[in-house]
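Presented sequentially are two complexes of subunit A, the first with subunit B as partner and the second with subunit C.
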Partner chain A sequence: MNTLIIISVLPIIILYLGLYKAKKALLPVTIIGLLTALGFACAQWGNEPAPTFSGMLQFNNFSIAFSALTIVSTILILLLSKDYFERISDHVAEYYAVILFSLAGVIVMLSYHNLTMLFIGIEIMSVSLYILAGIKKNDFASNEAALKYFLMGAFSTGFLLFGIALIYGASGSFDLTDIRNWILMNPRHIDPLFYTGILLMIVGLCFKIGAAPFHFWTPDVYEGSPTLITAFMSTVVKTAGIAAFLRLFSTCFNPISSFWVPTLLIITMLTLFIGNITALYQQSFKRMLAFSSISHAGYLLFAIVALNSSSANAVLTYATAYSIASIIAFGVLILVRQQAGTDNFTAFDGLAKKNPFLAFTLTVAMLSLAGIPLTAGFIGKFFMFSGALSQYQVALVIIAVINAIISIYYYFRVIVAMYFNAAEPAEVAVPPYYTFVLGFSALATIVIGVYPVLVSGLI
Partner chain B sequence: MNLFYFIAFLSILFALLVIFSKNPVHSVLYLILTFFTFTIHYVLLNAQFLAIVNFIVYMGAIMVLFLFVIMLLNLNKDTEPVKSSLVKFAGIIGGACLLVVIVAAVKALGKSDPVILKQADLGLVKNLGKILFGQFLLPFEVSSLLLFSAMVGAVLLATKDKPVKA
Partner chain C sequence: MESLLNGIKVVPLNHYIILCAIIFSIGVIGVLTRRNAIVIFMSVELMLNSVNLLLTVFSAYRGDATGQVFVFFIMALAAAEVAVGLAIIVMVYRNTNSLDINVLNRLKW
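And now, the complex of A and B:
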């Protein structure tokens, strides 16, 4: 709870700092505030409290682990924001504030114990993101991204809300435990309303994580938004979405898994194929990352299809690996784009000659996203696949392995461009903040890859 | 009961006038009247809160918004483009599907007990307030974050930027 309070109050402080023109203080205050919130979250570790506030929120280890991951990702992304927002406009304080509001919504999504809180959390996060996608007011692509995201997001919210309403109508409660007990009490006489509600909630949540039949907004929104915001969307928001998904299905709908597993199985396969095959044809690095994020949503859904006691841990590992690798990729993209003025793969030609550090970190990130051993991405995929195999989803794992092989092609394109393509680009200046974030993320990727016990036994 | 039939008749009458009047502004005015009859229906059903919300939000805010949009777009004249027969055909099919669904739903509906208020205080604002400020206090308070974030964002997107320094 303290975490949520701090992250809710912090943006108001930031807005006041912006009002009094304390530009220099914005980033340090934000980072210190987030670290405090992280500290309070970690201090709760281990005691599994009962749901608080009339059963609205429950800060268990699951929430704390994912909160810590999202807060750390936000800190890393905000460190990259040094001098980034200033180029867009003067309202830097408001940008920080809206990002923090979004994070507050994420925290609510990670710790809800009542469907109303889930809905409000998703809305706080999404409304802030609609704004953030459109902060480049003079850029046509950014306007398009904001409008598209807003319209599609409003529809998906409608689906989600309708689903919640139907589930309430059938079971008579918003509370996760009560709904679960209702299912267990009436195993034979579950209302058709309830099944419809589950399907509508799947639609709403799949939209938020960008899974396949509901992914159409992803490429345009990710490409049009400012790169830093794209990084936030594809890491923090996706992690929160999948964690909320997992919390709902593992605590609530687990007893009737035979009903929704086939649906999710199809969604997962579609997501993998559409994400990976479309990514093959992209010329823009940013758009390729958008499609790759779709395919990663597919891998993350594995944990829900093959729901077991280690699902939460598998998602945590995978989301960690994916988040830090994406932050590296987007960080390098911001620098290269400033130098070359384009998002295309050609911008990376010959990067390794002048900027071996950038090239090395990006290589680590790409290897991790592709799932090569000794990186965190491999460990994440390993947990996902072994979880699926333990539930005898052999066909799914075979398809996933095929897709992982496909993905190697487009991830390696960047590496090939950086090391082997002949070009003499000017040296890209790397600010110290970037060096820290990229170095830290690359190190974390390798450390988790070599020594997975760090994250594998947490939840 | 007679009052109900009278109000129901008015609802249908105004709803028909909405779609048959040529002038869009008149349509919106009739729509306001239609919503007003709905408010009376809610009162008859003892749903105080819904009645008030319907009155304030639909009749007040949303209708004014509609009027503004119509005036801004200057749809006042009969500039409505002639629709092709294909669109008309699609409209007929869509409307007929809706009609079938509604009739089927009404037919499938089990006949419930005649409308007798079993709980006299059902639908009163007082109960809603008690629930909202008791059990649902936290979602209520957290919603303020949502509104605040949206407000900051609206101001952010609406303010004019100074030309960006290099």
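And now, the complex of A and C:
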């Protein structure tokens, strides 16, 4: 609870710092504030409190674990932002403030206990992101990304809301426990309105996490937005979306899983194939990462299709692995792009000769995203697949393994370009902040890969 | 208030649901077929307002105020979205001198 309050007040302090031109203080204050919020979140670990604020929010271990993950990802991304925003505009404080407001929405999404809060959390997060996608005001790609994201985001909110309204009409409540009790009380006489409501909510949430067939905005928005914001979208926002999805379905709609599992099964398979096969054709590294994020949304949906007691853990492990690997990938991309001026794979040619450290961390990230053993990504995939197998979803696992093999091709393209393609690029200057973030993330990827107990037994 | 609720209940609940579904569908079709960013935006607002109507009706029929409170949240957040959305549309218009979303095709594979 204190976490949410700190993260909501922090951006206002940042705005005041911006007003008084204290530019040097922005990043330290933000990081210290986020670390305090993280500390308060961890202090509440273990006690499972009743819903607070008249049943609106519930800060249980699930929300604390995911809050910690999103806060740490945000800190890492903000460290990469050193000198990044300054190149866009003089008014830097606003960017930090809007990112933090977005994070406040994320925390609400992770701890809601009432559909009202789900809607408010998603909206706080999305409205901030519409702004962030368009911060390069004179860049056409950034404009286009902002407009597309805005129109598609508002459109999907409409579906989500209509679903919520129908569920309210059928069950008479927005509270997750009340809805669940209503389902358990009337197992035979569930209103068709309720089923329609669930389907519409699936549509709305799939839009938010970028699952096929509602993924079409993802590549354009990810490619057009400034790279740092893309990193935020594909890690923090995706984690929050899938966690909100999981919380809704595991606490609320679990008793009628026979109704929605087939729908989600089809969505998952489509997402895997569309994400992976389209990623094969990309020439731009950034766009490839966008499609790979679609395919990872597919793997994350596994946990919801095969809902059991360990689903939350599987999602946490997978989201951790995916987030830190993506942060490395986008961090290296920012540096390489500054040097080469392009997002294409060719920009990575011969990177290993002059910058062995960058090449090594990016290799670790790509291996983790592809799911090679001894990296965090393998552990994440292992938990997802074993969860699905325990629910006898054998066909789904076979398809997922095929897709994992396809994905190796496009992840290894970067590694091949860095180590084997002949080119003599100039050395890329690596600022110390980047060294820290990339080194930390690569280390975390390997450590989690070797000792998965660190995250796998948390929730 | 009582007479107002009775007034709402003169029309059967199903009629309201069908009306809201129709308004919502008009909004969805508008988003999918129109090419002007402002008109798309208006269609989205139509979708949100059909939800508002639906929530109000359910709330009146159930004698439960939470549905109407939700409507306030939707209105407030829709207003916030309008503020940001119109700013984005103005930004795009300044750069492209057009509001046709077909102009926005630089990001393609």
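Worth a mention:
Quick note on the criterion: the second predicted complex is superposed on the first by the 459 of 459 C-alpha atoms of A that agree within 3 Å, B and C clash if a C-alpha of one lies under 4 Å from a C-alpha of the other, contacts with A are read in each partner's own complex, and residues count from 1 in each chain.
Rule of thumb we're sticking to: a contact is a pair of C-beta atoms (placed from the backbone, for glycine too) under 8 Å apart; a residue touches a chain by one contact, two chains touch by 3 or more.
None of these values were measured; they are calculated from a predicted model.
Once the two complexes are overlaid on the shared chain, A:E94 sits against subunit B while remaining clear of subunit C.
By the touch criterion defined above, A:G172 lies against subunit C but remains apart from subunit B after alignment on the C-alpha atoms of chain A.
By the touch criterion defined above, A:I120 lies against subunit B and subunit C together after alignment on the C-alpha atoms of chain A. By the touch criterion defined above, A:L458 lies against neither subunit B nor subunit C after alignment on the C-alpha atoms of chain A.
Of the two partner chains placed by the overlay, neither subunit B nor subunit C lies in contact with A:I408. Contacts of A:I446 after superposition on the shared chain: neither subunit B nor subunit C is touched. Of the two partner chains, subunit B is the only one touched by A:V108; subunit C is not. Of the two partner chains placed by the overlay, subunit B and subunit C both lie in contact with A:K137. Residues 116, 120, 123, 127, 130-131, 134, 137-138 of subunit A contact both subunit B in one complex and subunit C in the other.
Those residues of subunit B lying in contact with subunit A across their complex are 134-139, 142-143, 145-146, 148-150, 152-153, 155-157, 159, 161-162, 164. By the touch criterion stated above, subunit A contacts subunit B in their complex at residues 8, 11, 15, 53-54, 56-57, 87-91, 94-95, 97-98, 101-102, 104-105, 108, 114, 116-117, 120-121, 123-124, 127-128, 130-131, 134-135, 137-138. Considering their complex, residues 116, 119-120, 123, 127, 130-131, 134, 137-138, 140-141, 143-148, 150-151, 154-155, 157-158, 161-162, 164-166, 168-169, 172-174, 193, 219-220, 223-224, 278, 281-282, 287 of subunit A touch subunit C. For subunit C in complex with subunit A, the residues that touch the partner chain are 17, 20, 24, 27-28, 31, 37, 40-41, 44, 47-48, 50-51, 54-55, 58, 62, 64, 66-67, 69-70, 73-74, 77, 80-81, 84-85, 88-89, 91-92, 95-96, 101, 104, 106-109.
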